[in-house]
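Going in written order, the chains are labelled A, B and C, and every chain counts its residues from 1.
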């Protein structure tokens, strides 16, 4: 039987954690800079990826820009969450911020055409936060995620600036077949859109127009014009309780 | 660029894990009592919180009461889950019990006005269980959570005694704006209510009356009288399969 | 107060991780074979389970079959996911594959009548992936899970071959009371069924007929004939945005 180097999961976990620490804490950055480079080269060599050193240099050169973007994201968190206590709390205790951080790092490697490693990084943070953002997704500035568990953002999604997304939201594909690998399969979300909990938006040619609000539990497979309010026409039945919930 | 002490996440993770072990295992309690105190003081000092020792003493004094509450919760689990095998299994293998344990610990610190640390603890267990209970929520006795992934219980929620909640349930805010920080933004759930999977209950002035059953997938933004059965009037369409799922 | 050996969670976590590594990587298998046996015996002894050595031998004898099944699952992943890059990526970075792996291992122990440990293993992987598969569930060949967060597959579920399941799907019980412990409480899914995101299928006498497609968000408590397409008749309201989302 073929062997797979599955314990690379552990190496990537420690590497990604350390990279996150180094990005926000200059003491950690100094302490870990050798470790990070060595481990990066080791991971790439395990995955039989060539030019590790050149890729590392390109990646490192992008990190200050990634940090600036994340500082903007953190401000969006502070401005949007009534339960937030301080900017420091965002960096230390917000899973949405943690997930966006690892997404911006993995997306940088994805754009450098590194295979597998970006996906291993996104699975590391999916494991911690329940937020599954494919490293190939395109996400603008000041992105805000609240709670986050169950969010899925597919590979070809495009999210513009100042978008807010709550737990359980799916930006997914409507037909899932292997021959669609190269096609845009996931939605486009224009700027200033807010998507409430558990809404599902499916399809590669779908555009949610700027400034729209998508209500909780809404299920959309068609485009929506800008400045829309989309709600879910639910009917519930309230009656005195008798025998269980089956009718 | 400003440094944030993000690797405090690791310290809080180990501290919280150890605290959980000490609460239920007297051997662990002895082995770790020095470590717990020292680490607590170190975390508070990192967060620039004063009076660490006094807070630790107050916190320690509350632990026996927390343990008693959790033993009541464990009995609720045993009584409610047809798949449970023994009381020991609840302590060792139930994510809902694990999440309630860390909630009751973090809530105790929250009530002692400790900032950030309770939220870091709740994010530690949110990461493990997918259950996001804000440390500020108020939860009565004999609380039962099944499966749990995707549950969100907001900061100002009030949950009375003997309540049961399934996976994906949100007790959330209906309007999320920063100036509502001091207002009750999340629902009140009276005693003996059962809320099935993926139900969403939104709004700070909403009360779900005692003994009510809220069916799976129900979406509620208004109060419900006691002894109600609330179901979701779903319509599904069943037809022979032809070409995919888009109409 | 009674002590519970809660720190066994850590032992089971390391054991399960190591078992997964050994299953797919022959270097790891050699390096860890002593550790795995010793730790298995230690865990069983902690749980006061007798005949540890005989159980270990029976378990070890099943592992090659488990590996073969998982290699079939991996091929199903590769064939179904348009975003997959290579077979190696499935083993290294797919949470659904990780969850199915631990399920097949825990199910093998469940069928050997080992108590608690299989559930601790399923909670270990539920913690990482958000996918909650009870070790007692029966699952056929070539099972595919995409994204996965929020999936719940109950103890008495039966899933035949070539089934595909997306994030947030529940195969659950419709009435949850303790006296139903020995009854089939969860659905049967026939071969070649595809169940899209957040669908909920409840009840022990429910059968989803072969080759059916269950659309996203569908809520089913009755059986469905083979070759069906089941969709959710949603109504959404799209209008120009004015003041928030409450009507």
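What we mean here is this: contacts are C-beta pairs under 8 Å (C-beta built on N, C-alpha and C of every residue); 3 or more make two chains touch, one makes a residue touch a chain.
Note that the structure is a prediction, hence the values are computed from the model and not measured.
Shared residue numbers account for under half of those found at the interface formed by chain A and chain B, and the copies are therefore classed as meeting with different residues. Rotation relating chain B to chain C, from a C-alpha superposition: 120°, rounded in steps of 5. Mean C-alpha positions place chain A and chain B at a centre distance of 24 Å.
Along chain A, residues 130, 149-150, 168, 198, 216-217, 232, 245 each make contact with two or more other chains.
Of all residues in chain B, those touching chain C in their complex are 17, 20-21, 24-28, 67, 71, 79-83, 85-86, 88-89, 91-95, 128-130, 146-147, 149-150, 167-168, 174-175, 197-198, 203, 216-217, 221, 232, 234-242, 245, 247.
The touching residues of chain A, counted against chain C in their complex, run 1, 3-10, 115-116, 119-120, 122-123, 126-127, 130, 132, 134, 136, 149-150, 152, 154-155, 168, 170, 172-173, 176-181, 185, 196, 198, 200, 202, 211-213, 215-220, 224-225, 227-233, 244-246.
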